[in-house]
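Attaching a single structure in structure tokens format; questions to follow.
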């Protein structure tokens, strides 16, 4: 009966201890002056709107026809503009919030300019995605149609999030590009850093476990399989033992390269055009044009007969 | 103040450029004649209903008892029938929409027949899933109970989606099987193509990164660990440089086989009954019955002493 | 027109066959006496509340300021207490439901005591998570700020779920810890069993495919990359061919260890302090303090020139 | 900028003053011991379920056919049973909460018995409502069909809520009957106290402003127009100046009576069978069988020519 | 504990008795052949869309500006067209469902033609509503602005629902007009039958209890107060004792007439232009042009001194 | 098949005609410069929060106990403060939007000051509502308890909305008070203008159709029955034929007055203390202290015997 009372004191004292600002130093986003935080929900809606604008009729409300196409795209672009403006303000404020006074009028000015610039890039992003859809479709005999590729394939989700995030990063929008790429990561298991530079006709098969680092550069017509890492080999640390940011540390991949499943390619090495890299290997040195690397089975695998299981 | 006006012209012209049909060729699902598209939301509900029917009381509304069991199953089967009929119509229409005129009456006729046939297979699907639950439970000392396996284990989610999708594919339902398997892929990181043929007592441990290709054949009592790929080694391309569909290109796995983490088994090879394949290796040749393969550590790993980190 | 009638008999007979208790033995959670089942929705809300309490202002309602901080934490702790109590009752009932009569009054008594004990551990959990945030931030040159790490990084999601689940497991709460770790697994591809024991300053980079087994022990300041498995090498089976539970079978990792991508460390081996283990290898024997292991490229990879692709 | 801080002190001190228990004496439902309160949302769902059960296919999910009728009614009756049980417990607890200890086990016992008794009355309630639908349809030349009457007419909403509430009141359920009648009052402007006793073939036209008091008795085949009051003329007060409860103080209306718009019939008077009472009058004395009362226009209305408006 | 079992038999037998088709004859809308029923939810959305189109920026999404106005109206008209088409099909089917076979193709053909005709009337409906807003604003000294009138006044809600419903009725749409007027009735207490014919500059003050019958005819610039009835005096019954439909039985009100609160004007009488009718009276005979009627206070009210209350 | 195309031209041209700014002059709230409009949804939430704060545990989340009371009230007051600030900004902007430039910074400054002042009045409003609850309870023998009165009686809903709206009006908040009173009007049929001045211990029975005008003044301990109007007799018009605002035109009611159902009291007359006014009459002249008025039945009603109905 006296359920509520029973632990009242213990609960109250825990609340007090959790409210002690010493206990949450660095873990709390206190809005002392109303500083907004980018909203996961809004970013999800932004991704949804972009997908809907880029692939009309496949995502979003879906009912696109000759009567309403311009109305639909108009409404979506306006909504996208408003959401982006708010989220960019939040992103900029988060970046500056260590500093004293935030001038929201000027942030808002800057954010709306960035939002419109991003929207102006959508036709171009759509154009490149068209090449990616083509590459994914050609790369998978199991794909029944381009529609299936656009509508079902995780690669297209991850690559379109990447291309959106990359464009925002190029415009100088903070935090949000990373949120967009992490959403694709969670949805598909493919983790492409928005800072990577990736050419046309890019494809990923299956994709779970793929990692592409922030300074990776990838040519045209490259195909990756699940579990491929394009990573860093080591970092440089500064005097405070923090990693130095911005140093090129991920590979440069040429055109027409294929990398098979679960292989790691690490460090600022170059993989030449037309190279083929087999699966389950660890590559930390340059690979020449047209070269092919595979796991040396003879040395690598022991075969023996088991005793009878029964 | 004049926020709305500020970029009106730039937004309007972007909308026009995005509305230009040349810009979205192949990326747009225009409903010129009202052609439906399978709905992700409905497919999710279909999966939820199947899980709820197959494992009564574990999923769905949950409150199952001796008074209501038949009512609950009756309502769920009817809802499933209606949703499936609509989605199958959409799937069939998507497949045919390149062709001129769609006859919706005949699609609907066909779809309702397929829907009821699928529902009639549910008792059998439930029976096989019972063996899978048993295998997963026996295969994991960390599993506390069968309830925990059914309710929490990603393997059961992925395998039940696979068995549902496979049955639909066998009936000739297009697109939807693939959507169902991709949903499990996103949820669990396990990517089983609905075309694969998989025996009873199938289990997967942890599962993230598992890939099972469209023409793979798996015997009874097989166990896979995370990161295992049963993939293709290469494709055949036709004269248009499109991959030829339907060629058997994935492995055939015998009964009682275990394959450990991050290993790739590629091409139309045969893994004999009772074989054991160790982790992190790359297998492209047949493995005999009862054979065991492991990574050759002596050759494969270099060990050396680091300089002192401090 | 007669759509509803058409398959009425076939649907009815399938419903009857699915209602047959023989067909769902072991797959049904029948509430003969109202036994509850832990709710996925409530567990999600519990995780959300914990994140919101541990990182005020980053998750949950978000608007935290000097006026409302104590009110917000008070409301969240009360809600958490109520949800936890209900879910722990359900978990305890599930564990006991094979046995005859469940005494809900005593379960409820026990559950509320466990719920309040868990809440009292939150300040300590927050303290350890602070070290994890610090380690993840220092370990990634691409991280712009601690805020970005807390807000976007899958590692923090997975590690905080683990720390919550581990505390509940230590208190003896059944099933729910596993549900919490599976939710992180689904969201991030990182699968940490709640039974593992993990020290401070723990970090995971990218993370997809990481598996940490139930009896693993991990020291302070350890860093894992994507695809790393800390797994079991083999199980002991009892006379019924069920795996024996609770036997230590996963590795013990020392302080300051780094393990690179896609490597599997298996069995109750010891990895000494300051060891570095390279990627894509298979480790089943002890590694000494300060030792470094890497894939032996010379033996492991075959390089050859491809014929011209064209 | 410092929006949050600005009024922090004034807000905090108002919160404290509003938290002072002296300030909310009699206006607060404190759950010192977890006492529930009947839920407006649940009562709305209860009304919806009753309407759906009583008029299958018109309300609720709507899709009723020969395959699912029994499943639908079974599910609805079970849901109704559960909701009613909970709400009756809450109602009984509210009534007793002045008294010391509430024994929830015995309340729950009592509540489930009342819930099932109420459900057993539904066939009978449906039978009487059939006569009401008939009467409303016959009484309105504007009604196109019985379907329109059931589906659109506020009279049917108000009368069915009354018949449900009356049955619950007869069973001794506290508070909830009144909540049900107030919901119809808000929806239709028709205020029928659940204590009133009303015969078959009852109809109300338009209905806004109709009031039927707690001790009114109404025969068969009675018709009321909008704005009719069957009220009390005066109350008896007890020594504490509180009105004495339960004294018959509202009229007794015979069979086949019609009362026109905006007329008030007040006090424990008798209106004989077949009487007709015209609109806009004030009746406080008995009316004989077959008698007719109308406003005496000659005396009552002054007619004169206006000056020209322009 | 055995809560679920306890009343299982009694619940089951009630379900059976409620499923007996004899018990719901005339009260059930069985979809033997899938016949739809107009949806209250869709009709509410239709009303919302009409209000939003007629008064842009006041209702609906609200954000209307020079950039998006045409997009917004385009989207709203398309949605309205689709909803209306579906609902008109349902209305037509309901009307015909007594008859044997419904041809849905032809109903759909007819419904889409009616839907587009209705939408073409919206500009005209908007024009007349402009005069109503003007009249309501001029008629109430308490109105601060036209915006307040549009946004808050129940009269505008009721009159716009009426004008929408009347247009649909004129086009021959069954059932739906009545549903629309009942929704306004429930929301505002104003009950205007869609069949009534009402001129421009119509206003209602407060409005609760106003009733305007199906064959009433109202001139321009008429004002009604709360509780006014324009009703029928008596009906003609046919040989089956059903009221004869369609006979003119409600008053004809001239231009510039004012009728004060709670007055009933009954039967096919004529109220001449510029007449003023005072409150609380009962009018069943013609009133001449410019005539004024008021309650004869001298005869009508008794005044006397009360004994002292104390 | 060509459903979408069929009426494309007619729909497009209607959209254009509805987009023509001449057609919606005065009926459109164009946000040329982003001017907000008070939100019906937010105002509903504001009312809900006020009810919840004033009657803790009866409305809102409901779970109030000794542990959480201050947390709950704190959260509710903060939410109320934020909502009110936004809505008051919208209200002020709407009032000023005819004028050129709106300075949102100063509106926001003003709005937050008004919001906090309103919140500071809540304790006082709660105090007066306590007297109203008491009066309603004493005035109705059918009321079982004060809880029932607070929780179910429309009078309390309408009076509390009035007292909230009145306080906002006194502070100079535009539009929102009227929206609040119209919401009560729609919910209860009771229309109290926020400008009226009403004393303590105010009660309304049943209430549908009650109208209390903007300049009415009501003493303490007054009771009104359903359908009572305290209205204006006539208005003064200015030279533009618009009614002159703000002139006292509604009655002044003394202490301890009772007015029975459907009576209209009109014009700036005085009803003396302790007066009793019977139902269904029309009062346009002063009534003295202690005087009682009733309908003169002898003159007013004709009684005659009907011919036999059969």
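Read from first to last, the chains carry the letters A, B, C, D, E and F; within each, the first residue is number 1.
Here, contacts are C-beta pairs under 8 Å (C-beta built on N, C-alpha and C of every residue); 3 or more make two chains touch, one makes a residue touch a chain.
Just so it is clear, the model here is predicted, and its values are computed rather than measured.
Q: Is it true that over half of the residue numbers where chain D touches chain F are used by both copies, so same, or is it different?
A: Looking at both copies, the contact residues mostly diverge.
Q: Please name the chain that ends up farthest from chain A once chain centres are defined by their CA atoms averaged.
A: D
Q: Sort the other chains by how far their Cα centres are from that of chain F and give me the top one.
A: The most remote chain is B.
Q: Using mean CA coordinates as chain centres, what's the chain B-chain F distance in Å?
A: That pair's centroid distance is 58 Å.
Q: Return the distance between the CA-based centres of chain C and chain D, expressed in whole Å.
A: So the centre of chain C lies 53 Å away from the centre of chain D.
Q: Just the number, please: Cα centre separation of chain B and chain C in whole Å.
A: 23
Q: Provide the list of chain F residues touching at least two other chains, using ranges where the numbers run on.
A: Residues 3-5, 11-12, 31-32, 34, 65-67, 70, 74, 78, 189, 208-209, 227, 262, 280-281, 294-295, 299-300 of chain F touch two or more partner chains.
Q: Would you tell me which residues of chain C are touching chain D in their complex?
A: 4-5, 8, 11-12, 65-67
Q: List the residues on chain D that touch chain F in their complex, please.
A: Listed in rising order, the residues of chain D that touch chain F are 3, 6-7, 10-12, 14-19, 23-32, 34, 37-39, 94-95, 174-175, 178-179, 182, 185-186, 189, 191, 193, 195, 208-209, 211, 213-214, 227, 229, 231-232, 235, 241-247, 249, 256, 262-264, 266, 274, 276, 280-285, 287, 290-296, 299-300.
Q: Using the touch definition from the top, list the residues of chain F that touch chain C in their complex.
A: 67-68, 70-72, 74-75, 78
Q: Any idea which chain F residues touch chain D in the complex?
A: 53-58, 62-66, 69-70, 73-74, 77-78, 81, 112, 116, 119-120, 122-123, 126-127, 129-130, 133, 138-142, 144-148, 150-154, 187-189, 206, 208-209, 225-227, 260-262, 278-281, 294-295, 297, 299-306, 308-309
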